[in-house]
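In this document, chain identifiers A, B, C and D correspond to the written order of the chains, with residue numbering beginning at 1 in each.
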Amino acid sequence: MNEKCAVVGIFGHEEASKLAYFSLHAMQHRGQEAAGISSSDGKELHTIKKRGLVMRVFDEAKLKTLSGGSAIGHTRYSTAGDDSILDAQPVFARYDLGEMAIVHNGNLTNAEEVRNKLIEKGAIFQTFMDTENLIHLIATSEKDKLLGRIVDAVERIEGAFSLVFLSRKKMFAMRDRHGFRPLSLGRLPNGGYIVASETCAFDLVGAEFIRDVQPGELLIFEKDKKPKSIQVFEPTPKHCIFEYVYFARPDSNVFGQSVYQTRKNMGKELAKVQPIEADVVIPVPDGGVPSAIGYAQESGIPYEMGIMRNHYIGRTFIEPTQEMRDLKVKMKLSPMPGVIAGKRVIVIDDSIVRGTTSRRIIRMLKEAGASEVHMRVSSPPTTDPCFYGVDTPDKENLIAANMTTQEICDYIGADSLAYLCEESLLKSVNSTQDQYCTACFTGKYIV
Amino acid sequence: MNEKCAVVGIFGHEEASKLAYFSLHAMQHRGQEAAGISSSDGKELHTIKKRGLVMRVFDEAKLKTLSGGSAIGHTRYSTAGDDSILDAQPVFARYDLGEMAIVHNGNLTNAEEVRNKLIEKGAIFQTFMDTENLIHLIATSEKDKLLGRIVDAVERIEGAFSLVFLSRKKMFAMRDRHGFRPLSLGRLPNGGYIVASETCAFDLVGAEFIRDVQPGELLIFEKDKKPKSIQVFEPTPKHCIFEYVYFARPDSNVFGQSVYQTRKNMGKELAKVQPIEADVVIPVPDGGVPSAIGYAQESGIPYEMGIMRNHYIGRTFIEPTQEMRDLKVKMKLSPMPGVIAGKRVIVIDDSIVRGTTSRRIIRMLKEAGASEVHMRVSSPPTTDPCFYGVDTPDKENLIAANMTTQEICDYIGADSLAYLCEESLLKSVNSTQDQYCTACFTGKYIV
Amino acid sequence: MNEKCAVVGIFGHEEASKLAYFSLHAMQHRGQEAAGISSSDGKELHTIKKRGLVMRVFDEAKLKTLSGGSAIGHTRYSTAGDDSILDAQPVFARYDLGEMAIVHNGNLTNAEEVRNKLIEKGAIFQTFMDTENLIHLIATSEKDKLLGRIVDAVERIEGAFSLVFLSRKKMFAMRDRHGFRPLSLGRLPNGGYIVASETCAFDLVGAEFIRDVQPGELLIFEKDKKPKSIQVFEPTPKHCIFEYVYFARPDSNVFGQSVYQTRKNMGKELAKVQPIEADVVIPVPDGGVPSAIGYAQESGIPYEMGIMRNHYIGRTFIEPTQEMRDLKVKMKLSPMPGVIAGKRVIVIDDSIVRGTTSRRIIRMLKEAGASEVHMRVSSPPTTDPCFYGVDTPDKENLIAANMTTQEICDYIGADSLAYLCEESLLKSVNSTQDQYCTACFTGKYIV
Amino acid sequence: MNEKCAVVGIFGHEEASKLAYFSLHAMQHRGQEAAGISSSDGKELHTIKKRGLVMRVFDEAKLKTLSGGSAIGHTRYSTAGDDSILDAQPVFARYDLGEMAIVHNGNLTNAEEVRNKLIEKGAIFQTFMDTENLIHLIATSEKDKLLGRIVDAVERIEGAFSLVFLSRKKMFAMRDRHGFRPLSLGRLPNGGYIVASETCAFDLVGAEFIRDVQPGELLIFEKDKKPKSIQVFEPTPKHCIFEYVYFARPDSNVFGQSVYQTRKNMGKELAKVQPIEADVVIPVPDGGVPSAIGYAQESGIPYEMGIMRNHYIGRTFIEPTQEMRDLKVKMKLSPMPGVIAGKRVIVIDDSIVRGTTSRRIIRMLKEAGASEVHMRVSSPPTTDPCFYGVDTPDKENLIAANMTTQEICDYIGADSLAYLCEESLLKSVNSTQDQYCTACFTGKYIV
C-alpha cells in the first residue's frame, strides 16, 4: 500500500521554488515516480514536471527558471503502468482569468461523473488525472473571481482532496470536508507561509508549524496579508488512519499528533491485547521500529535489532542461483543470527498486505535459528481497498480479505499471529470520537 | 532557418506504430527536439511522446505498447527556449465522441484570436502549441460526427497546416487551402496507406507514392475502404518554396517534383544568370551540393569537393585556445587545401541567413590558399520572416534585410557575391503560375 | 573513517562469478568506488572491473563472460582524488607461469621500499596500488611453483593484507600474521568454498561459516580436494578493533564474534562506566543503534528512536537558502521532536572523527527542544591515523588529537560528553589477551 | 576494414592537453572505441583514458587536471570483442628513470616473441596491447638515458609503429623503418610543436605542416630547443597504400601527398582502364566521392549525387517489418530516384570487403529504377589481411579472396564490375618506385 502523493505550497519567499524543492525532497517517501513545481513571478507561471525523484528532476538552472515569490509542488506515486501520457502535476492551464496551476493529494470519487458532464459540454481531457476536472470546473464556473470559482468547483467534487492552487498573484489551499489527507500550515522564518502534506517538510526548510488546515477550510494567501480562512464545508473529520500506521514519516505531526508517538502507542496496545511469552522483540525495519519499541517497553521483553536493512538495495537484474532462496527480501533485509538463534522472537510489522514478504521474513528468521517466531501486527487485518487516495491492491490480493488469521499464520509460517484490533488502534491514536476513516480495515466507506 | 516539424499517418498495417517510427526517423531532419506517436487498436488510443531524437524516444517495448492497425507520428523542432511544459505532439484528448490525437505541421496565423474566443467560452489551454486550438474546435463543434467537426474546425483556422487526425476507428489527413507545407499519400506494400510530410519516409518503409494530398483536401481512411476525398476548400496553391531551397531531403519528391532536380536546376540557373570565371566550383556541404553540381554542369567549370563535412561533430564544451579561430565552423567543415590553394573558387550555398557562417567559411577558404572566392547563393536574399511554420530569425537578424548585396559581400569577405533572382528561382522549380509562397524573399504574405 | 575494501573468493561452483557478485553486493558498505571480478574457466582468466557500485558495474551479459568454476572479487573505497588511472582490482597479470589475478584488503607498510627495489631491477608500475608489488614479487620469485612464489612474496611484504589469488586451476587465500583485516572461510551449499571479508556475504549466497582464515595462514583450493592449509607465519593476532566499532555489518561475525553483540556490549559497558541521569537514550542512526540498545538495557533508561535516517539521501547540488542551517545533516538525519522535546537525552554514536557532524546533530536536537543532550561514544577518542588499510583523516583533522574531551564537549555543544575507555572496549570484545590493534586510539603501532 | 588508431603529441604549449584533445577529435575517424591523453607538467605525468568518443571522454575539468606544457594522445579502434581489461592508451608506467607514457599506432609482428622473452625474465603483462612490450623493453634496457633506451627498444621490435613517448621533461616521436603508418611534424602558432597521424589535426589547431617524420627517424623534443633528429634505421619506405584508398581524411596530406587528389587520380585512372558507356557517375558516399569526381571528369559522364547519406544514423534496435528489406543500409544510404531512374549508372566505391553492402546498394539502385548498374572500385580486389595495424576480416570473409571478379559481380547483382589494377593504383599515388605496401591486394608481405 502506498500513499499517492505529497503537495506543498510556498507563499512570500523570494526563493519559493527552492523551498518547494526541499519540501518535496522531505516528502519523497509519499511518491517517487514524478515531481513538479510551478512558480509565479506575479506576471506569469512557470512549470517544470518530469518523471523521476525530486533530486533528479530539478537542478540549480531549472530552479532559477522557476522564479518568483510563490510556488507549489507535487511528488507522485505511479498508479498506472501506462506511461504514455505524462500524468504529472502541477496541472497548468491558461483560462479566461489568466493562468493557474494545481496540485492535488487524494482521489475524487465522482471524477468520472464530473468528467462526463464536462465532456458533454465540450471540454477536452488531455491526461488521465482526475485533477484535470478541477481546472475545467474553475474555468467554466460562472463566478467572476477565482475565489468564487474555487468554491464553486470544490462543491461539485467528492472524495479526498488536499489541494493547493497557484494564480499569478495568489495561492489557495483547501482540504475536503473529511480531511482525509493531511495538510498543515506553517510560517517561514522570513514571514512567508508554507502548506505541506507533512510537517517534516517544515523542519527541513526551517518553518514553524502553525496549525493544520481544517477539514473543509479554504485558505487564501495574498501579498502582505495574513492568510484568510473560509470554512467552505462543515468539517466532519475522517482522517486516514493509515497515515499513522504506515505512510507518514515518524518525525511528522499529522492530524495534530506525533506519528512516532502514535506508532509507539500501537505497539504498547498490541503488547496489552496480544501478549505472548518471548525472549526478544524485533521490528521489521523500518516500518515496525516505533511499534516494536512500544511493544518492548510495555511488555518488558528486550527490544533488539534482529533484522538489518541494507542501504545499498537498488534493483538487480541478475538471476539468483538455484540455491539462493528469497533473494529479493534478503538483499534488503538480513537477519541477525546472534540476536535470533535459539530465541523465541516476537517480530513486529505495521501491516500485512499480500503476505508474501512476511512469509519470506519468517522463513529467514527460522533459518537464522529462531526457536519460535510470533508475528504481531500493529494494525487490524487489511481487508478492503481505499478509494481516497491510497494505492491498494485489489481485494483478491489482500490476504486478510481471503483468509482467516489462522490461515494467514499458517501461510506465513509463524508460530502465532495476532493483529491490533480496531478499538485498540483508535485508542492508540487518542480518537475520542469517530474522526478517522478505517475503511481499509472495516469496509465502512464514507459515502 | 528550420522546418518546424514532420507528420506521418499509417492506416491499415498491423505494425502501424513501427512504420510510423521508421517514417519519423527518415524525416528526423525536420525536427530534432521531440518525437511522439499515437496508435489506435480500435478500442483506445495509446500515446508516447518525449524530448529527444526518434531513436532515443522509442524502443521495442514502447512500440509494443503502441499497438493497433493505425498510428500517427510527429517530430518537432524546438521553437521556444522554454522547456517547462512538454509541448510535444501528438496532442491527445478525450472528448464527447471518444478519443482523438492530432499531429500538425505548420503554423496557425489566427491562433491567438481563436484561443481567446475558446477561453472566453470556458476552455482551458494546457500547452503553448497552437494545435491545441484544433481539439477544442472539434470538441465544441455542434456537428455530431467527427468528420463534420473536423471540417468545422479547419474552417475556423487560418494559416499553414498539414494535419493528421486519429480516432479509434478512422484516420484523417488534411492540408490547408494553399498547401503551404507538403503532405503526400502512399500505399503500403500490404495494402494499407501512409501519409507523410516527405516521400523519403515512403522509401524507407517500402511504400509506393500515389499522389500529394491536395491543398484544401481532406482524406478519410476507414477500414477496408479506399481513402475518401473531400475538397473542403478551393485549392489556391502557395507551396513553400524554401522546401526546395533547403528543408526537404534531396531524395524526396515534394509538390510533385524531385527536390534534388530542382536544386540542380537552381544551380544551372545560377550559372546562367550569375556567371563568373573560376577554376573550381565547390559546395558548402551538404546543402549546396546539388546546386553546385548543377552550376558546374552548366558552366563547364569542374566540380570539386573543396570543403569536407566532419561526421563526428557533436557539441564540445571545451573552450578553444587563443590561436584557434572559427573553431565551431572548423569542427564541422574543413577546407581541402589541394583543391583550393591558388585557385579561383566559386562556392555555392543554398542561402545566407545571418551571414556569420558564410563569413567564417570564406575566411577558412582564403586561409587555405584560395586566390579568389566567389560566393553564389541558389536562392534570393532572405529578407523576411515566415509565419507559415518555419523557424526564422527576426528581421533585424536577417542580414539581407539590413544590407545591400555589396555590403554583405564585404562583410563575408568574398571577392564577389551573387544570388539567384526570384524569377530564376521560379523557373528552376518549373512554376508556370503563381503557385509558390516566396514571402521570405519578397515580404509578400498571403493574407 | 572508512574501510578500504572487501574481497571475496569462490571456488568450485559453476556460477562462481555470480556468487562473487552477490557477495560483493553484501559487502558494498566496505567500498563504493569501484568493483571488479576475475574468473577462471580452467584455461584462461576473465576480468571486468570498473568505477561504480557492484550493481552498476555488472549485468547478466557481463557475468556470463566471467565464466568458469572459480572467481575472485573486490570492492574499493576511493582513497585518492585522482581518477586518472583506473586503480581498481582484481589486479591481473600474465607472467611466466601463466595468468593470475589478485584482490587485496589492507595496506602494505613497506610498499614504497619494495617498489623501489623492483623498479631498480627493471619492473614497471602501471597503477598506484601497492597490490601491484605482489604480482611483481610473484613473477620474479625464483621458486618454480606458484605456491612457493606466493610464500616468497608474502615474506617480503609487511603490513595488513587479506589476499585472494586466482590462477587458471587454483585459488589461494592468505592473511597477514596479525590478521589485521578479517577473512572467513565458508562452504557453499553444493560443496564448493567461499572466502570473504565478512560473513554477511555467506548469508546472502547461502554458504555456511566454517572458520576464520588464521593470521599467517595460507589456504590452497584445488579441484576436488579439501582446502589445504599452510601456516606461513607464526600468528600474532592484532585484529582491527574498529571493525567492531564501526566498519563491519552488524549481522556479520568477524574475528569469531557477532558484531552486533560486541556493539551492544560496548553500549552496556558505556552505561556502566559513563552513567548519567536522563529520560531517553537515542542512537545516531545507523552506527549507534546497537550500542544505544545496549546502553538502554544496562541503564534502564528507555531506548527511543530520536533521530530518523532519511532513505532518499542522494546528493543535491542545490544551495540552501540563508535560513536553512545544517542542511547537509538534516537531509540525512532528522530529529523526532515528540521524543526529544523537554527531555534529557543521551545520544549514542560509535565514534567522533572530526566533530562537525556531532556538532550539527546536537544543535539539531537542541533546536528540537531537548532540555539536555549528553553525548556518549562507544569507543575511545580517535587520536591517531591508521596504516593498516583504513582511510583516516590526518592527525590535525582528528578532533581528539587536538582537543581535550571537555574542549570537544564545548565545541559540539553537548551538556556532557564521555567516551568508552580502552579497557572497557577490550572487555566488550572479550579480549582476554592482547589480540587487537587499537592504534587509532593509542598510537601504539605494531612495527 | 578499419584503421586501428591515431596518435598525437604536443610539445611546448601551455594548453598542451587541450590541443591534444582537439587533434584527437579531428582524427576521430581513425578509432572510436577509446580515447586517452597523458600530459606532463615537468614534475609528474597525468593520464586519463576511457571508453568512448573523444568528446565524451574529456570535459573542461578533466582537461584541467591534464596540466603542463606537453601531452600525448590516442584514439583506439576496438579490435577485440573482449572489454574485460581496459586496453586503452596512453600506456603509463613508473620505472627506474621516473615516469613515461606511450601512444602507438601500428602493430608489432614479433610481439609474442618479445613478450615471451620478457616474461621469462620476470616481467608481468597487465593488458593485451602489444604496446606494453615497449615500456618493458625501455625499463629493462641497460642504457642509462631514456633516449638510448628508446633506441634499444625499437631495435628489438618489428612491424608497424608510429610512436610518441612522453617523459617528465621530453617528448619523442618515432616511425618504423618502413613508415607503414603516417606521422607528420608541425609547428604550433606559438612556436611549440605537434606530431600527429594526420595533418587534418594541424588544420584544426592552427598548426603549420613542416614535414613527415621520416621512416626510421626518431625526433627528440626538449624545452627551448628545435627538435633533434636521429635516423635510427635506414629508411625503406613501405607506406600503407590503404591510407590513400580509404582511411585518411580527404583533407589530410599523408606520405607527402593530398589524400583527396590521390583519390581523384584513382577515379581518373579507373575511367581510363575500366571505361563503360553510361548516363551518370555516382559515388557511394562518403568514401567514393573523390574518385567518382575523378571518374566523371576523365570520362565526361556527368557526376551526380545518386545516393544520399543520412546524418541521423545511430543504431536502432527495432526489428524491421517483413516488407522492409535492406533496412540497415537504407537507414544510412538512400537512392535518389530522379537521378537514377531509367539511367545507366556507374557507381564508384573505394573497396569491396565482404560484398554484402555492395549487394544491398545495387539492389537499392535497381529498385530505384536504374536500367544498368556498373560498379567500379577505385582499388584492386582486397584479398589478404593486414598485419601492420589495420583491422581486416579473416581471409575467408574477404570476398575477393574467394571469388573471381565475375562471381563477385553476379553476387552483388551488378551489370558489370571492375577494379583498379595495382599498376594504375600505384600510378595514381605517383609511386615512382616500390615505396608502398600493397600486401592487402597482393599478399606480398614485407618480412
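Rule of thumb we're sticking to: a contact is a pair of C-beta atoms (placed from the backbone, for glycine too) under 8 Å apart; a residue touches a chain by one contact, two chains touch by 3 or more.
Here the structure is a predicted model, which is why all the values come from computation and not from measurement.
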### Message
If you apply the touch rule, which chains end up adjacent to both chain C and chain D?
### Response
none
### Task
Please flag the chain sitting at the greatest distance from chain C, going by CA centroids.
B
### Message
Taking the mean of the C-alpha atoms as each chain's centre, how many Å separate chain B from chain D?
### Response
37
### Query
Can you give the whole-Å distance between the Cα centres of chain B and chain C?
61
### Summary
Note: chain B sits from chain A at a C-alpha centroid distance in Å of 48
### Message
Residues touching two or more other chains, restricted to chain D: which are they?
### Response
none
### Message
By the document's touch rule, what are all the touching chain pairs in this structure?
### Response
A-B, A-C, B-D, C-D
## Note on the structure
In the complex, chain A touches chain C at residues 13, 15, 18-19, 21-22, 25-26, 28-29, 32, 53-55, 58-60, 63, 188-190, 200, 203-206, 249-251, 253, 258, 260-261, 286, 289-290, 293, 296-297, 302-305, 308, 310-312, 314-321, 323-325, 327, 330-331, 334-339
### Query
Which of the residues in chain A end up touching chain B in this complex?
46-48, 65, 82-86, 91-96, 115, 119-126, 135-136, 139-140
